[in-house]
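Chain IDs A, B, C and D follow the sequence of writing; residue 1 opens each chain.
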Amino acid sequence: MTHSAKVAVAGVGNNISALTQGIRYYANLAAQGVPAEEFPGIKRPEIGGLSVYDVEIVAAYDIDAEKVGSELNEAVFQAPNNYPRLGVEMAPTGVVVETGISPDATVDDEIRRLARSLRDSGAEVLLYSLPTGLQWAATAYAEAALTAGVAFVNCTPEIVGRDEQLHARYVSAGVPLVGDDLASHIGTSVVHRSLLALFAERGITLASSYQLNLGGNEDFRNLREQGASKRQSKLNALAQDGVPLDRVDVIPSAGYVPHLMDHKVAYLNIEGVGWANTPVEVDLKLRVQDSSNAAGVIIDLIRIAAAALRAEEKGFVAAAAKLLKSPPKGHPSYSAHDVEASFAALSPSAS
Amino acid sequence: MTHSAKVAVAGVGNNISALTQGIRYYANLAAQGVPAEEFPGIKRPEIGGLSVYDVEIVAAYDIDAEKVGSELNEAVFQAPNNYPRLGVEMAPTGVVVETGISPDATVDDEIRRLARSLRDSGAEVLLYSLPTGLQWAATAYAEAALTAGVAFVNCTPEIVGRDEQLHARYVSAGVPLVGDDLASHIGTSVVHRSLLALFAERGITLASSYQLNLGGNEDFRNLREQGASKRQSKLNALAQDGVPLDRVDVIPSAGYVPHLMDHKVAYLNIEGVGWANTPVEVDLKLRVQDSSNAAGVIIDLIRIAAAALRAEEKGFVAAAAKLLKSPPKGHPSYSAHDVEASFAALSPSAS
Amino acid sequence: MTHSAKVAVAGVGNNISALTQGIRYYANLAAQGVPAEEFPGIKRPEIGGLSVYDVEIVAAYDIDAEKVGSELNEAVFQAPNNYPRLGVEMAPTGVVVETGISPDATVDDEIRRLARSLRDSGAEVLLYSLPTGLQWAATAYAEAALTAGVAFVNCTPEIVGRDEQLHARYVSAGVPLVGDDLASHIGTSVVHRSLLALFAERGITLASSYQLNLGGNEDFRNLREQGASKRQSKLNALAQDGVPLDRVDVIPSAGYVPHLMDHKVAYLNIEGVGWANTPVEVDLKLRVQDSSNAAGVIIDLIRIAAAALRAEEKGFVAAAAKLLKSPPKGHPSYSAHDVEASFAALSPSAS
Amino acid sequence: MTHSAKVAVAGVGNNISALTQGIRYYANLAAQGVPAEEFPGIKRPEIGGLSVYDVEIVAAYDIDAEKVGSELNEAVFQAPNNYPRLGVEMAPTGVVVETGISPDATVDDEIRRLARSLRDSGAEVLLYSLPTGLQWAATAYAEAALTAGVAFVNCTPEIVGRDEQLHARYVSAGVPLVGDDLASHIGTSVVHRSLLALFAERGITLASSYQLNLGGNEDFRNLREQGASKRQSKLNALAQDGVPLDRVDVIPSAGYVPHLMDHKVAYLNIEGVGWANTPVEVDLKLRVQDSSNAAGVIIDLIRIAAAALRAEEKGFVAAAAKLLKSPPKGHPSYSAHDVEASFAALSPSAS
């Protein structure tokens, strides 16, 4: 029988809400006798002997005062988190959100504190999923994991897996390091990329294309810019009896739409020319649950990292290459064959 | 026989390119014997006895070094103008673009210089169509027109028609003043507004809605914001053999797409709920030629202003109320009846 | 206190599923203290003193062997019905579906049988909602209602309210007759019509337009065959000043897509030209819950009919004019003023 | 120097209009010094030493009274043809459309007459491009080509290349036979197929999908009737690992919309579920010039057939496998390596 992967999470945002609710959702399916091969939205029912519900959160870190001290199951629903409640019953986890590494404290002390907490929790993997842009935090958490001998997964674009010196120290310590930057389960980039490739493959000459992204979670709020006055002016133009303007959002040139909550919407347009310079045009709208898009990949990265630790692998794990936007040596360095071989090496029978 | 309206233009941008080419296009149709009632895209074939081709540009002002000194017909195609060439043959106008009011010179001197130029040109109307945001310029041109006794049309949101003191001085001088802020011929606002009104009228409860605008002309460039690094990262994700990335634009949260040139694209989404809280959803894409959208309204404002001057009307002209976003006293002050009465009063036989 | 309207239904399809579940949904809201003015998706919280939940089904008729003999609450979920379960708890109604008028039996006997059943049930209104195309059935049910002194509402395009002789007999008998042909709460026709009107109003010349409808319920399966007459009826619904219908194409049933269940999807495209013959294009997708679209209007027609019976009105009730596609004398015969006066006359305090 | 491929065409519809105008368009580009690698919309600038403009129509057959007896350049614009005029100047071809094989005449006589005409014309290739559904005509033209020793290209789904006995006789006679059924340059099937594959590859579970096609040319008018077999053929085109076809609906001719002329519009919808059963939705509109989509592939098939004849190849030519919907032994029988080897064998230097 397989022991669940024990995971600590740094950052209790929408991704963790999606992750914890989803794990529970699939555990319920399994309890109802649904075979793992029929689980909706899952590409690999098993990685390294671990099913998608064989993941247990054993520690959680955040610096939001409303989250610290809460039971994990409550913290994941704390604003500004806005991933939907999926209606699955969440049993108490026993995990209380602890204070994460603070920018104000002495970093070395903090790293020591975290390493101790990680060791005490029994975590095999530390999942780093803070807001984008905090390089210092990514580095500090990675140091803490290394100190504690815990595998590290970096969901953000911060440089961790690509930091050669850090990677070398993980290798020396015999600890897996998986990063950087989560690829979406299915996102705008991959859809856009597929259609552009199709045009090229068929000999349609690309004339122009654009891609617009909008959403309503914290990621999009951070992306937002000025435009307030223009927005108000356009809203005014819509004012009329019976229209509740507080439910209308006008974006002259941007993409933070609070009503979308954790949904992400993308618009693509591709214009090309074919035979005799005659036009071909594609218009596409994509709508996804943003954090499900993350969690659907996180679940694989966690299992890869945990299985790698158990199999005594060190540093980067090739199985993760396609699940990341920036693997250490770039995508072309990892062939499909390498990736599959890496997955195979993670299975318990392989050792 | 009607004498053409003589018009001076301040700002030789895409709007003027659309205006001058369009006037020529319709003049050609008329020469081919097409009755004015069958002209495409024209709501009012005649205003105050003036057909849409009864408009003659007699002076033009700009401060772009590439435009000043050029024949008007060449200046309208000067970058960054990017309204398309419609393929109509443009006879020489004899109008050379003059230097407009400069922010560096003494304003009073400039006003005097412009007033003299306007008088010399024989203009009946000055059309103000500079980039949005230059209140000082709008005011200065309005002063010059007032000094010269020339009717003024303000296409921009700057406060001119709504400036009560200035309006009073136009009235005293017996000169028409038409502003502020051009409504589009058919634009995002009016389409969005119509659909929201329809939802309200039918008793569908609005849940949420958004509107996105993008375009490729100078207006949109001005609206642009940061986001450069994010944009590059998303572009990188599209990189692959056979795909010319220089023809791909990715906008994480914005709307300046150079490939669109003078086209404007809007995406609307409207979500509501009907009976028993079940959903209703509308998704809409609108694509227009941005400056045609302006010129189709400008042609009416010019004719209103010229006819009003000839009919010895003073200050604001009610016929223009629905063609502006911000008429002096707000839309509700001008009833449909007032507007039609104003149009009627402009016809030569009415005087 | 108001007594609920007592209604018998002929045809237990998706419309009745939407109607019964919706009534329960709103009753629950009321029980939770939500004021009727805040009910989602409701235009008129009260008609003739009746709220939307003041409607009680007291008899139901169908000829489907699977439905006859079932409790109404079970029959509404019987295939081919595929309106969703809304998750509201449905208390037993005590109504068992009776055999409707059969095409095989002697019609006069059947009418007598139904009239007796209607009288026994205490129904004030008979709602006729069988599949489109059964003129004989519509006539027979209308005769039964007349015999029983029960107000009649015809949801279908069959000729009942427009049958002048039948209407005269309802007037003589002092019974309300409300028909024909339900307008959708919000449907393709009204959205298409609004946008075509907007183009005309703004002076955009229509170049071409098309409308496609698809769905997955029995209506769409049936439409796939007919089509031509429905197409003309839908084109008629777009007729208005300034819209050249010869440039509009309507495809009532582009596709029967079973996966859509009771959803209806429409695609609209409108191409026009504006200033200088430059193009304007609109693309729109509309998605609605088809039978909610019907039930949201049925709830008003039932209340109108019941209140009219109580107020001793006879024959057609002007309040219903805008809720029908084919009122007896055509839409222009019923002014907005007439309609509102008719609504006012239905209120209990008015009598 | 390469001699142009000499081609006879059976059926002078939109495809031939696109083909002849396009050849002229590219010839003009070449004359202006544009290198073939920069031609828009062309995947293979050269096949067997033949550029896209190295194709000369030497004979044309049709049974439309308005086309027979006309110069080819005029016949291609004869209604119901409605491919646009591309504005390229068409030099007289010297080809007058001859009467094609008539269903009323004795077939053997007709085959002999056509074979004679083909031989007299000097044609190397006969391109069969009549309306879909005329198996007898496809067979008769193929017999005539075989008799004349002319390579045969079948653009339609009629069984010619897949007729084993006929194929054997072509092989015996040492004549190339290229068929059946043209794949589009870029069409609904390949776009739909790509997106379904992407969903499967990413582990998104398909919930439902539909595809609607509409157009305004004769193909769509004809399809409106047939439909069922075309639907199955289009479904087959989507078959691939991991895609549950029972969740996909295809509507080959949702609508005949005359205003669309030779444009084809498709709407796709794909709904899936990802992590924790949360939804993913794609909506796409594709607009192409239908006959350009055919001509962009025909130009390759003609060059393959002509080069194969010159290289003394017999029967089916593997280079054509991916350009056809139904190659003789099915797609999996022709590996990418086989296809490229076949292309290489066609080049003049290869023999």
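Points worth noting:
In the analysis below, a contact is a pair of C-beta atoms (placed from the backbone, for glycine too) under 8 Å apart; a residue touches a chain by one contact, two chains touch by 3 or more.
The model shown is predicted, which means the values in this text are computed figures rather than measured ones.
The chains that touch both chain C and chain D are none; no such chain exists.
Inter-chain spacing, taken between the CA centroids of chain A and chain B, is 46 Å. Inter-chain spacing, taken between the CA centroids of chain A and chain C, is 47 Å.
Residues of chain A found to touch two or more other chains are 199, 283, 285. Chain contacts in this assembly form a single closed ring in which each chain touches exactly two others.
Going by the touch rule set out above, the chain pairs that meet are A-B, A-D, B-C, C-D. Note for the complex: chain B touches chain A at residues 157, 188-189, 192-193, 196-197, 199-201, 206-214, 220, 223-227, 230, 233-234, 237-238, 240-244, 247-257, 259-260, 265, 267, 269, 283, 285, 325. If you check the complex, the residues on chain D that touch chain A are 18, 21-22, 25-26, 40-44, 84, 86, 185-186, 190-191, 194-195, 198-199, 202-205, 272-289, 292-293, 295-296, 299. Listed in rising order, the residues of chain C touching chain D in the complex are 207-210, 212, 214, 247, 249, 251, 254-255, 257-260, 265, 267, 269, 283, 285.
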